[in-house]
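Residue numbering begins at 1 within each chain, and the chains themselves are lettered A, B and C in the order written.
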Amino acid sequence: MSDILLDVRNLCVEYNLAGKRMHALDDVTFQLKKGEVLGVAGESGCGKSTLGLAIVRLLPSVGEIADGSIRFMGRNLVKLSEQQMDKEIRGKQIAMIFQNPQSALNPVFKIETQMIDILRFQSQHQKSGAKKTREELKQQAIDQLKETGIADPAERISNYPFEYSGGMKQRVMISMALSSKTSLLIADEPTTALDVTIEAQINKLLMELAEKYQSSILYISHDLGVLSEITDRVMIMYAGRIFETGQTHSVFDEPRHPYSTALIESLPSSRSKKRRLLTIPGQVPPLDQLPSGCTFHPRCPFAKDKCRQENPSLIEVTPNHWSACLLDEWRGRQRCKWI
Amino acid sequence: MITTTFANNGQAQQRTRVSFRRPLRVTLAETTRAILRNRGGCWIGTVLVAMMLVTAILGPFVFPIDPNLQDIANRFAGPSASHLLGTDYLGRDLLARLICGCRIAMSVAFGSISLSAIVGVILGVISGYLEGSKLDYATIFVFDVVRSFPQVVLALAVVAVLGCSMLNLILALAFTVFPFYGRIARAQTLSVKESDYVKAAEAMGLNRMKIIFRHIVPNILAPVIVCLGMDLATIIIYEAGLSFLGLGVRPPTASWGIMLRNGYRYIETSPWMILWPAVAISLSMIAFSLFSEGLRVALDPKQRQRNV
Amino acid sequence: MQMDLIKIRDLKTYFFQGKGIVSKLFGQGLRTVHAVDGVSLTIKKGRTFGLVGESGCGKSTLARTIFRLVEPQEGEIYFEGKDILKAGPREMRNFRQNAQLIFQDPYSCLNPRMTTGQIIAEPLNLYKSSKVNVERKVDEILEAVSLPHDAVLKFPNEFSAGQARRIGVARAIALNPDFIVADEPTSGLDISTVATILNLMQDLQERLDLTYLWISHNLDQVKYMSDDIAVMYLGKVVEMGKTSDVLNNLAHPYSQALISVIPQIRKKNQKNKIVLEGEIPSPITPPSGCRFRTRCKYVSKKCKEEEPSLIDLGSGHYASCHLLGGS
């Protein structure tokens, strides 16, 4: 059990918006091993971004962790103070990169200034070594840029963010995130805003660096194809709950939960040209008015009475493959077929 | 099937309707709700402005005492039962004069601001939409020339030429202020005209005037309205100032500026004469500032809660 | 034999930056963005023509040029045989009724201060002469795109992204056009919403006999939706033809790389990726000769000197690469 890096149990996150309590995460439980890449899949509003933010405790002021624990390397992150999170966790043991690299960099400062700032902050908190000079920090920054594949790093470091393309900005963010030998990298849709060929480069880079630094990655994305290719295990979320999780290929090649099945079947790649795509009737329920029992039952064609009453928990349907559907028991090994 | 629940629009709509414009009462209801929901003193501002408008419109009719009725025996009186705010140097009731002054202040303020906003916005939007053309350069030139004069001096000059009267005062003040609206409108237009919905209208083949008035003007109004609110307050000060100098409305009409002037002369004899108009002017400034902020937030459709 | 609905010949649209004095004195002076640099393609009636490419390839500019939102420097665009770039007001009026554009962002193409009813009624009011019952037509259109009837009095921001997209589609079909250009019609939408929109667009194509120019960077979608396909890179078409021909027999190195990096969800489809090195060059200073040469692994001396032209590979499949010459 000692190779478990992150152990999240019964995590509940709520948002208070205009007097309404939105249950963004409800009873989320999962583990992440060292060196593993775990994907978090789902549509908008399912809570995947909230999960990432909750782990590093960067939820917006209207959000709060209502219940549950996040055990990281033996410590419960929910119980740590802000200072402890800042000094020891954020940017050090856990790093995060976001979807929009343009908004992560300050447009009025050079890349050089911003990177040196971060590196200086990081080196101050290291136990060993004397304080580094600006030249040393600059050289370190240049080396990091080189590592992430930016051409002519010594020249380009003096550029402003607007002179960098989207892909290059994301490389800067990745270099800053992985530099301090993070154990866990949380990537929230890091390549969604990038072109396909650049996306391939960035994902390849992420995997290489993660392997080099032995980091685990929590990769959040709505793009099932990307997740299928780079993750070891994957979780599919809906309205704040995990509906299915397991080995990536097991989940995507043989989905068990009606929702996951429908999601995969509704992709254009699952149908031959112009044959009608599967659509899920209804809409995602508002997070303050979640249906009783299984949150998916109003939209599920297989729903029975007990789906309205009981909230399903994850059941291991095949080795290393869990699904939160009450009907799995009687369905046995049969997959559900949507018409 | 898509099922959506919308909290606001409870009224069942008939199938035959004349236009697709949102009914006025719905917009007003939502606007009021948004203002009242607003944090801070915005609703205070709204209430105060509403009170002032009511006073301005109804006050002189409803209030029993004539503002010009002189009562020399009772001059310089302090607040009493018969004269709630006291009397001035000719024994005229101060409250009655204050109410009359409110009407003048509101008329001048709304009159000149409406005029200058309408003219300024139209010119600004047209010149912004036709960016780079000769008309654009000419309009900017006019704006800059007028703006380069100090406002009060310009207003004085116009009044001196046209003569002292309320109408001329409105025209003069409108003239000093319209370039600011023009500039704001133009700057907003430059960005709005690149929006996709304007492009969609162009691709549809809509003519330029319709694009300007249907698509651009409604979407640039937000900063204009904020400015309006602030300017309403400023114009009240200008009117008071010009009247104070004797270049605004003519006595014996009671405007706050004239009351200030009279009160200033007799400040040692009766502080009440100058106190009340000063309070009125300050209150109106606060009221309009808060009101304009609330109005802007309330009218912005993006601020409306999305009904999911 | 299907009719050619749209024929684009050698279209060039450039943008000019740095025209002012300050730029000339202190900046780099006049810079030309070669957004669309000599594009020729033919779209047949009733079919869906897919246009793929990454940022800077010019596909959005091409869409805007077709509707004359930007004026091109050179080239012709024939709609039903007539060149619309030289068209007079009457022909343009006819074109604007018969060709519609669906914009990328579902919300920004809708005037936030107009209700849905007003938005959809606008083209109807503009072009219908007699008092066609506009209210009834709007109701019909809403039904055709599966929007509820009470949507007419609501503002765009009160809708979800998928519904806002439908409003854009509703406006586009209001005048019963022949041709619709869909610029990234599913951007910003969830997976399940994408499926509903794709189904909707197909339904409408069948019912209203529409021709689509489907612009997308999502290759799976283009593979699924389009009958013909063109791949653009830095303002030029590098490969085009019938979708099945092209995808079974990718000729251009860029197309090969592009298709190979599409993330595949099923393990059996996951093949080796050709991950391109380097960044996409700027359209202001495109590389000399073949524009793809800076990232191509087959680059040779000829690629730097001479720009390749489209070579006919048979049955309407074209690609522009020196490697294909002669074979």
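The rule is short, and it goes like this: contacts are C-beta pairs under 8 Å (C-beta built on N, C-alpha and C of every residue); 3 or more make two chains touch, one makes a residue touch a chain.
What you see is a predicted model, and the numbers here were worked out from it, not measured in a lab.
Undergrad: Where the contacts of chain A and chain B overlap, which chains show up?
TA: Neighbours common to chain A and chain B are C.
Undergrad: Measuring between Cα centroids, what's the chain most distant from chain A?
TA: That would be chain B.
Undergrad: Any idea how many Å lie between the Cα centroids of chain A and chain B?
TA: Measuring from centre to centre gives 51 Å for this pair.
Undergrad: I'd like the Å distance between the centres of chain A and chain C, where a centre is the mean of that chain's Cα atoms.
TA: 32
Undergrad: Averaging only over C-alpha atoms, locate the centres of chain B and chain C and give their separation in whole Å.
TA: Computed value for the inter-centroid distance: 47 Å.
Undergrad: Quick check on chain B: which residues sit in contact with 2+ other chains?
TA: Those would be 1-2, 4, 308.
Undergrad: Two or more other chains in contact with one residue: find those residues in chain C.
TA: In chain C, 160 touch at least two other chains.
Undergrad: If a residue has to touch 2 or more other chains to count, which residues of chain A qualify?
TA: Counting only residues that touch two or more other chains, chain A contributes 283.
Undergrad: What does chain C use to touch chain A in their complex?
TA: 54-55, 160, 190-192, 194-196, 198-199, 202, 217, 219-221, 223-225, 243, 257-258, 261-267, 269-270, 273, 275-280
Undergrad: In the complex of these two chains, what residues of chain C are touching chain B?
TA: The contact residues of chain C facing chain B are 64, 67-69, 92-93, 96, 100-101, 103-105, 108-118, 121-123, 126, 135, 138-139, 146-150, 152-155, 157-158, 160, 163, 171.
Undergrad: Applying the document's contact rule, which stretches of chain B touch chain C when the two form their complex?
TA: Interface residues on the chain B side: 1-2, 4, 6, 9, 13, 15-17, 19-23, 26, 195-197, 199-206, 214-215, 218-219, 301-302, 304, 306-308.
Undergrad: Can you name the residues of chain A that touch chain C in the complex?
TA: Within the complex, chain A touches chain C at residues 43-44, 151, 165-168, 195-201, 204, 222-226, 228-229, 249, 252-253, 262-264, 266-271, 273-274, 276-280, 283.
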